[in-house]
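So the structure is just underneath, and the comments pick up after that.
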Amino acid sequence: MKVRVFVYLKKGVLDPQGKAVEHALHSLGFNNASDVRISRVVDLHIKTTEAEEAKKQGEKMARALLANEVIEDFYVEVSA
Amino acid sequence: MKIGIVVFPGTNRERDMAQAFQVASGQAPEMLWHQQDNVDGFDLIVLPGGFSFGDYLRSGAMAAHSPIMRAVRQFAEKGGYVLGVCNGFQLLTEAQMLPGALLRNAGMRFLAQDCHLKVEGRDSVFTAGWKSGAVFRAPLAHGDGNYTASRDVLDRLEGEGRVAFRYCDAAGRVKDDDEHINMNGSARSIAGVLSENRRVCGLMPHPENLTEEILGGTDGLPLFSGILEALG
Amino acid sequence: MTAASVDLDLARSFGLKDDEYEKVLTIMGRTPSLTELGIFSVMWSEHCSYKSSRLHLKTLPTKAPWVIHGPGENAGVIDIGDGLAAVFKMESHNHPSFIEPYQGAATGVGGILRDVFTMGARPIANLNALRFGDPSHKDTKRVVDGVVRGIGGYGNCMGVPTVGGEVNFHHSYNCNPLVNAMTVGLARQDRIFLSAAAGVGNPVVYVGSKTGRDGIHGATMSSAEFDSESSSKRPTVQVGDPFTEKLLLEACLELMATDAVISIQDMGAAGLTSSAVEMASKGGVGIDLDLDHVPQRETHMQAYEMMLSESQERMLMVLRPDRTEEARKIFEKWELDFAIVGKLTDSGRITVRHKGVVEADIPLGPLADEAPIYDRPTVAYERQPPLPVPADPCGIKMALCRLVASGNGASRAWIWNQYDSGVGGQTVKRPGGADAAIVRVEGTNRGLAMTTDCTPRYGQADPYIGGAQAVVEVWRNITATGAKPLAMTDNLNFASPENPRIMAQFVEAVKGIGDAGRALDFPVVSGNVSLYNETRGDDGSVTAIQPAPVIGGVGVLEDVHKAVGLAFPDAGEILLIGETEGTLGQSLWLKEILNREEGAPPAINFEAERRNGDFVRGLIQEGSVTACHDLSDGGLLLAVAEMAMAGGVGCTLVAPPTDVAAHAYWFGEDQARYVLVTTQPDSVIKTAQARGIPVHRLGRIGGDALKIGADVSVSISHLRELHASFFPRFMGDMRDDAPVVHLDEIS
Amino acid sequence: MKVRVFVYLKKGVLDPQGKAVEHALHSLGFNNASDVRISRVVDLHIKTTEAEEAKKQGEKMARALLANEVIEDFYVEVSA
């Protein structure tokens, strides 16, 4: 199964990258852009045919390594 | 006194660290490969700077799961002393042995210049070499040094005297929103913190690179002489 | 990939000329396979064969008693005492750095690091020489940003300090920046590893990263000029992985501490092809490769692709057969791929098998011996006559302020503050601290001094002087720290050698480098040539870069504690060593103040260089000098201002002699000169005069302003602000509320 | 409108991060994970009520700043 783990900064945690990108967008003339946040997506294959199982595995990996739960939240999507 | 320096794939300041302890004590620490799962018999474990596992994903994230880290955690739980510098600090937060996290520098660029630090931590071997309130110079070399933690955690750190070092200017002034002083944008200008029992310390700058006149000064030496004196 | 049929058209598209393809047919006695054509085309590319430059490079001085290995190995090796050797080289990554500045520069650094640690040396310092387009050009900011991040990204992660370099802006580099990277490494003299393969039957081993379809035909791309279609060449961009390189470094050094390695060669441009061919040809043996065993990152790779891939962070080695398991364990410990991909033979051929099919079978002798070599035509280069001193439009103070605030005169701190210059714990003089960076040799009292230099304006006007001046400036930079210059590496960046005027530039520059090297006992031990640095516009017009024969130099200090920097100490007398004529031709003053690039550059006098330099070094060694700076771009006053800004202390200079125009005196760029600070001026002057060395009292340190007599006074803090403002403002890092320093505000 | 820009490495381009993460997942015991690729997601607000317009703007921003088209591809999603 294909598993996609979205990892994003918790609400309230400052996003220095997002801030810098927003600033850069403005200086390029995109003045109507705001609330820029940058997240990470980890795509991977899990050797199983069970969507449930794949999702559970993905969540485990996120908790173990892919996300730092002190500052980040995550969610997992599964597709065939 | 037995000191171990942990080497992860991608660690690159282990020799600098060993040299600083050598200058301070005349004795060379031992290098410990990250696959080792035992740190018995050591008095101090040091996690040095570098780019463990390339700092890919997040700085220090993958190293936090190396076999040796289980041993280091147990060592700390039993009251062992642990020092993490730069990548070592990032790693200690990833391993949740210290609170908070280190985000990308506010200016989005790697910072490799000298900063000044104010010594604030109380009752800790890591600050014992200085008088409280002392100011010293130290080199920075990092892309992710922007310390963050929840307000509660920050309040607690401050209340318990667990902010070991804070960024300041040469005269000791702290200004959180001045990019020339608090260069990486850290919350409350925090450059280094202590664990609850004050035996685990993490800091971003590199005192180990200022321990000899010929290398530009000895501002960083009190970190090492202080530890050595306190731990005998 | 569909199997293309091999013919002249395909050969042309691979960069081979018609007569070169004819030669291939003769050597093979048949139509070559696609893989064979690929091998010929990369081995005979300018990049690998040096076909336009070889005849001229042969004239360079390469020998001295302290030279252990000169050009021809992966890097040059010199004796620095105590049984130790410095291993160094410079290499360009110009074309890739325009297409993708971050990865282009990063993989450039990765490549030069491998050249050095392939020889058994631990890299102890990186330097870089950069030329960017005019700051006002649309691409310049993007290129500066990416290149600087890329150099830092790779070097910082490797834990190799970046300790020096140089940066220039000029419109001729608008679409063709130059990124030249230099690495200096340290090895034991009895543990130097070479690339010549030996021992028929011995295993050929591949280590490092897996092979992907990266940068196929990179070697031919770097030899082809840029045109508006260059975007179609984009897929050739390679991505660097400094983490893997760090592992490769540690694994190789660990393996080299055993006696398992017979020979080793990094896979750089033209990847597996050039490493296999070079190892075998140098060793006079044949080589059989079985590509089935090559670690592959992608599926369905063809032989052709594997042979030409420029995937980074890979090495090829010949090992003792009884030690391969020991070697495998080391690479497994470092979590790197390790594969036996072939063996040495006595066939004198390179044979490549893939899935049981022989994909290439080429005699190595002719592949090397019959590589094309060109004695390309030149024209007499029209030199510019000396420039009569132009009128001074703005006065000394304004000119000084404009120079320190200009792109070419501004502080480079914004750049080096992104490079970790202290990692390793041996850096004695960081960027900005001295004319050359100083790195202590770990575990000893010795120091190495290193620097890079070139003044392309001079070379454009007079290529011979351009070459010679780069050498003497490097030699002076090393001397000004108190170190003894030992040897140099070069990186010759020019436009198309097929243009006789450009070829003349090249030939003249090489002559200049050679003459300077011979005169100063400063041999060339390694180098690199980068040609076709030009841009073709949509209208067919060609813009050539200003020629940049960049020189990197290394010197040694027996006692590193004797090194001096350039910052003014708190007190002392300032002396000028050397003759001042006031040459403004091709000077920075002329360019920045009058926007002119005219006239003959300053003349070079090797004898004066040597005499003045040896004298200054002697003074530093005996301890009578507290700061020293050589004079180059911007002349005397810019040098003094740099010393004052670095020290944060002012000085009062005596008025210039009346027989030279003041601006020519202060900003002329006459060579063989140094400014030094001493506490014993009388004895220094006496010795100088006794030896016929020109010496002048320049003034005295003190106060918080730079003053010339009673006429000129500018505060050091103001100069520092101007000096520091260019890069942050240009690169847009300055906060919106930061005070912008306007030149008009100078009163 | 909310705009989400996915930026990912082109096929065939080395992903050092993905490689290292895959390795780390294996050493954590997730042996059934493979083909790990890491991408970036930029979320932002664009001041417009037209989905078409927002998407066009997002693509412009991606081309100008958010993606490095030499080695990366991107796609844009819009929601209210």
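Should a chain be cited, it is by its letter among A, B, C and D, assigned in written order, with residues numbered from 1 in that chain.
The rule is short, and it goes like this: a residue touches a chain if its C-beta (ideal position, glycine included) is under 8 Å from a C-beta of that chain, and two chains touch if they have at least 3 such contacts.
Computed from a predicted model, the values in this text were never measured in an experiment.
The chain pair B-D and the chain pair A-B differ in C-beta contact count, and the higher one is A-B.
One finds 10 Å separating the Cα centroids of chain A and chain D. Here the spacing of chain A and chain C, counted between their Cα centres, is 41 Å. Distance between chain B and chain D, defined via averaged C-alpha coordinates, is recorded as 33 Å. A straight line joining the Cα centres of chain A and chain B is 29 Å long. Residue positions 16, 20-21, 24, 28, 38 of chain D are each in touch with at least two other chains.
Residues of chain C in contact with at least two other chains: 241, 243-244, 335. For chain B, the set of residues touching two or more other chains reads 53-54, 56-57, 62, 65, 107. Here, these are the chain pairs in contact: A-B, A-D, B-C, B-D, C-D.
Chain contact summary for the complex, chain C toward chain D: residues 99-100, 102-103, 209, 212-214, 234-235, 237-241, 243-244, 297-298, 311-312, 335.
Those residues of chain B lying in contact with chain A across their complex are 57-58, 61-62, 65, 93-94, 96, 99-101, 103-108, 146, 148-149, 185.
Chain contact summary for the complex, chain D toward chain B: residues 16-17, 20-21, 24, 27-28, 38.
Within the complex formed with chain C, the residues of chain B that make contact are 9-10, 12-13, 15-16, 19-20, 49-51, 53-56, 107, 109-113, 139, 141, 143, 179, 206, 208-209, 214-216. Residues of chain A that touch chain B in their complex: 13-17, 19-20, 40, 64-66, 68, 70-71.
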